[in-house]
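Letters A, B, C, D and E name the chains as they come in the text, with residue numbers starting at 1 for each one.
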């Protein structure tokens, strides 16, 4: 029985669930991590999860469109990374901290 | 016949004096004030002569006042015999009092104002008398109330005077409350306010054995009448109204305005006679007022107060008269009362004038020597009010009492008792003021001819007025003449004489007896002396609760507390909600992210359920 | 596979505004090097010209409506409306920024370039007919705005604003993208028309649920961008922290563009499953109005207060979307236009009034402005009255159309609650009027500078716009109605 | 472009011009505003004749232009007997308000007078608008200038009051907006005449539930404005804090917007719902009458006293309207006018006192009549009018209203009739404490009698009080005619029916009325 | 075989993902993220995404993550210090929300996706050629527009990071 499981084709849903799990982990990282950079990385994780979904669906439809979308997402992620890290740098320069909870001068 | 000229002349006098009075000499004011009333009087005479016997009502239509839907109220004046009497009394006595006032008011501030108001009063009083529908009557009714207010509070710098003015107006308003309600019901019932139409319609209605619409209407009219004519329970304003200058008391609060209630009931006789319950009420109220006012009158020390309570008492007689169905007797008494009570007040004014404002009868005495004309004219008036046979009071009062006897004997006996008391206190005042030795500190002197002249004329009228003018006979066409009963009339006259005798004993023959007698009565005397504490009771039971309730419960509690509290509370609550909602905005990025997650979970759940996911 | 490799002339015409702005943006950065320090104003002039050209191009492009670039792009009335709107917003925010940048000693070509790029992104969003285009447009617009929000990089609040905006924005975009993935998985396409057709074809229930999930996820993304509850939380902090002219810009431009795609996606692609998404748009609308208005009651910082106000305004527009009918769409379009004018006007006043280093941005600082600078204050009053929703201003008609749409869709309670909300809102707007006209002038008012050309122009244009929309709304409204009818 | 449009837009034009005048020449501004408002008043007198000669049921001077195509909103204005006098009341009071503010406004003069003109524009518009949308536009336009008048030129607690005034009214008008939109969706038009015709002919059918809610939407907005108990608490605050001109316009005209709305829109459009709710509303009106009077009785502040008296007086108007009788309607409209004049005059007089002594506390006066007899006289006449003395203005209104209500339910009348008693109480007491008594040296010194400007303000008002009270035929016929049309959907059984002998004259009176038209 | 590979790399991805979340030092998290990316690249390959798998490794795991690590190093970011300012909302509801989100998503996926179809390696090949062709035809516009995005990233980074004004 385990053998059969291992050799048979993998249901598409599994990929999607993996994608959902990774997305969820990204969310978890965002809301539980305190270092801004880690938080940012969590977003990257979420984007990766989305990419997995795209590619999976692409397989389902046997189209390359999904791949192209992932490609665009990567570009966007890269651009975001550049800007995001620049923002983080300025924050650090001004506050000398990377703790996200410290960045809360404006509230209510 | 240009009836409109009758009231308009005094109105013009009012306008002229009111607008120009401050800049013109007194002579001008006098001319205008007296002239306008005199002209009015002459016009009345001319009109009445022109109309002759006035077998039917003479009506003049001027213009539509209010026209709304089917409701049509016009400005119409009418003259019938009842009106004729009233017109003569009002303008006649009015003229005399105007003349008197010239002397009396000579040194007062606001001279022009006084005459302007007096003229205005004449205008409204004449409108009241001439009105051919209830609303126009109401105009006059309220208008005279206004003038009463203005004149009672004539001494505007004095708190007591203005308060008395307010009291007069407000108590009258309470009465008018009833009157106005009656008007609404009349329109509802008859579709019109015109006397002719209303009475024509009412004639066809049956006499109401139990409370019906006519009873309600008449009771409400009665409320109005009690206010204006100072009957129980609304008489309280009249004694206070003596705060005004004495000519005012004479004209408004004795001769004319206060009798408007009687006039109105007599005018509405057609409806009243259909409502026996009301009639009884009128009679009982009149009797009670007469009696209680007389008791109070016996104890008062202020000359004008004595006469004031006597007025209330006499008005009670008139009510008794109309209440027992003797309308013409009531009107007769209105007329004679105008003579003798006007005279009493004018005389009191003359005394006051001579004593530089002193009114306490304990501070008088022996004035006969200093002011003989005043003394003897007042004596005539006192005789008349006491119902000494031959004087005017004898005729009218006895006509009432006789009618009362025919209606219910007990009313007669109470009335007779009251008549005795009346004679007692009137002569008590006279004796205390004019006989004996002078007890005061002023320099008494007789008044000028301007003042004594009217006194003399009125004294003559008071003596012969009843004999000369047989009102019931004149009004026969309108009201059935009362029964005649010589015996009962003589009994009451005898009781009157007894009263005079007692007064003589108490205050001339054996002075000091009165005090000991009063002491022996103790609490009762105090009660009566303080007018049964009615003012105080009203104050405690109505005025103060109303004020305090309005202040603490309605204003501070309801308005500022509850409603505004709720409004402001809503404001505060909004801010409170805002304060809670902005807590969401903790400034913490992770918390914000968590909100985003929360939102997405909720949205997904919603979609899931909406999509039928099980 | 016949491949049309080269785009046609029409294709270019249809993206001419974007091309103009992009080119101009790049050009401006290149030119800066040759300009002397005191000539930097020319950069602004150039940017202005670029915007103006783009505006003309957008109008011209509307003359040849249609799809372009393999259905990636659609030029229709709706798109043109929003293009014109966002370019207009760009112009006004440019005008109001010049003086500010000079004051902050931060005049540079990058600011203008980023502004141009951001507007380009918004134009792309407005014209996109494809989810991936929308995504890219959104990212262009957003990233440029992130940078602008943190433009004064030595300012702590600017940093914080940028960081919050950036992190949360990316976070929400991830959700949006996840939704895109799902709708792709459901229908095999990301083209809005195709999706619509796919959802219209009678299929299994499965599709509907999947599409609904996708819609929900995308809703998260869009609602975040338009700052609708419960995804509005970022807005106050970000608006407060960003430089005033940037706040001016981002409270209107990106929001309008986001609403454009929101409306287009939800009425076109998700039109067939309206009944699924309507309830949560409905509740979100209500929640947004309530949170925005109530939280604004207590604010002391005027920027933050207007941030809450803009949340509340987003709520009104959400009501129009919840009405999911043509009138609703037209109403939302109209309201956005009116909102653009009044909000820009209000923020322009703040830009003018605040001093270097974001000084004097508390409501109390405006004390006595009404008598010190009557014209400025008068115009501010017009904007505030419009925000309150007093007739003869755009705000009133906007609200009126929105709630009319809601009632058309039988959302009676939403309409009533919404309008009562706007009565509450009157309270905090009036507070500014109170301070301006009824309090004694303080330090801030005494030292206020005369109004500059740029801001002056912005204020007048905004005021005229607000009033014209209020008195003669037909022009805009007819266009909006006509274009909303085509939106399928 | 009818004469009416000129009357509507001339104040707006004057507003714009006034704003453009140089602010350092206050005299020029004052004179300009005075002349402008006087011109408007004179032109508005020209409106009387067309309304008088208009056929019943038709609006005079109608102007119907498309304003916005979709949704179809028209600039539709017109006048009938109900609105005619309210318009003239507005145009009359505006110049008087300019006059009374002549010296007492000493800061931001230009803006003050400009706002007065803007207010006039809005108020006239409200009374002329025959398109529901246009109506609400004007309705809210009036809010803004009044808000500023209270907030900028008011007394100590002006800001609170101004805010309260604005937010209160705003909340109400939002509900009305919902109702109007809903009605539009049902009817497809905002046009009042069309909607009314449609509703009456059944072309627009509303379920009774819909009717009820729509009625309520309108009613609450109007009730706040009137104000009907318990929605009245904004009024005393607003009055007390407003400058004299503000109080006058507020009391004399703005409150009438509410009652006018009730009469024009609420009742005729939703007769069923109105009839259903009438009992409740009448109870509120009567509570208002008595309650307002009782609270007025104990006020230590003159303006507050007069403000509460307005609550009381306006209760009569509401009572009249919800009696659904000819007399009730006529009386309501008449009372609006009369109250506008008498209460306006009271506020003006209180303003005169305030100008002299800078206090509104009754306790700081006393004996004013001695140094200022004409002021006292004017106050007396005005007070008497307000008290409802026959031959003065308010009496007619109150009488007709109570007569109308008596046709329906006599109990209403009994309670309502308490109003005049209490009004005598509070006003006489006020008068006594203010004008009677011995004047202190200080007061005498600061209490000159009326000056020419003040005479110019008071004389026309006093003349009007007498005129309105003693010769109603100059005013009532067009009101009656318009009301008769509005009464169409209500049963005639409530009307006065004369007993047989009186029947014919009543018919003759009808003929007379027809002639009057 | 496919399944085995899937399970192995899915497990690695999840473990790395969890590691990312639980590690307090950013470097550790970054390395975990690279782990996730790597394993995802394998899964892409499995799903026929040759090009995308390459891009994943080169662009993502390579370039982007290097940037991250560079910044971490530059800022000398240490391990997180526990703070007490964390929002109570997160503390109390974070886990629940997350759990809810996950359960919901999985539930929807489970309920709606076809379970019959499976992934077999090689059944579909998205070659670089296909992708390139599409990028220059159908996806020409987004492809070009992306350049603006990159330009912005460039400008943005310059604006924010350069020293003087």
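Following the convention adopted for this analysis, a contact is a pair of C-beta atoms (placed from the backbone, for glycine too) under 8 Å apart; a residue touches a chain by one contact, two chains touch by 3 or more.
In this text the structure is predicted, and so the values were computed from the model without any measurement.
Chains making contact with subunit B as well as with subunit C: A, D, E. Shared contact partners of subunit A and subunit B, listed by label, are C, E.
Centrality by C-alpha centroid: the chain sitting nearest the overall protein C-alpha mean is D. No other pair of chains has as many C-beta pairs in contact as A-E.
Comparing the CA-atom centres of all chains against that of subunit B, the greatest distance is found for E.
We define each chain's centre as the mean of its Cα atoms; on that basis subunit C and subunit E are separated by 30 Å. Distance between chain centres (mean CA atoms), subunit B to subunit D: 35 Å. With centres set at the average Cα position, the gap from subunit C to subunit D is 44 Å.
Between subunit A and subunit D the centroid-to-centroid distance comes to 67 Å (mean Cα coordinates, whole Å).
Contact with two or more other chains is made by residues 132, 136, 139, 143, 146-147, 150, 153, 162-164, 167, 171, 209, 213, 236-237, 298, 424, 427 of subunit C. Among the residues of subunit B, those in touch with two or more other chains are 582, 585-590, 593-595, 597-598, 600, 604, 608, 613. Looking at subunit A, one finds that residues 16, 23, 26-27, 30-32, 34, 39-40, 56, 60, 65-66, 68, 72, 76, 79-80, 83, 86-88, 90, 101, 103-108 touch two or more other chains. By the document's touch criterion, interfaces exist between A-B, A-C, A-E, B-C, B-D, B-E, C-D, C-E.
Subunit B meets subunit C in the complex at residues 571, 574-575, 577-579, 581-582, 584-585, 587, 589, 592-593, 595-596, 598-600, 602-604, 606-608, 610-613. Across the complex, subunit C meets subunit A through its residues 132, 135-136, 139, 143, 146-147, 150, 153-157, 159-164, 166-167, 170-171, 174, 177-178, 180-182, 184-185, 188-190, 236-237, 240-241, 298, 304.
Within the complex formed with subunit B, the residues of subunit E that make contact are 85-87, 89-90, 93-94, 97-98, 100-101, 104-105, 107-108, 111.
Per the touch definition, subunit C reaches subunit D in the complex via residues 370-371, 374, 385, 388, 390-392, 396, 400-401, 403-404, 407-408, 412, 415-416, 419-420, 422-424, 426-427, 430-431, 433-434, 437-438, 472-474, 477-478, 481.
Only residues 3-5, 7, 15, 18, 22, 25-26, 29, 68-70, 72-73, 105-106, 108, 110-111, 113-114, 117, 120-121, 124, 130, 132-133, 136-137, 139-140, 143-144, 146-147, 150-151, 153, 162, 206, 209-210, 213 of subunit C touch subunit E when the two sit together in their complex.
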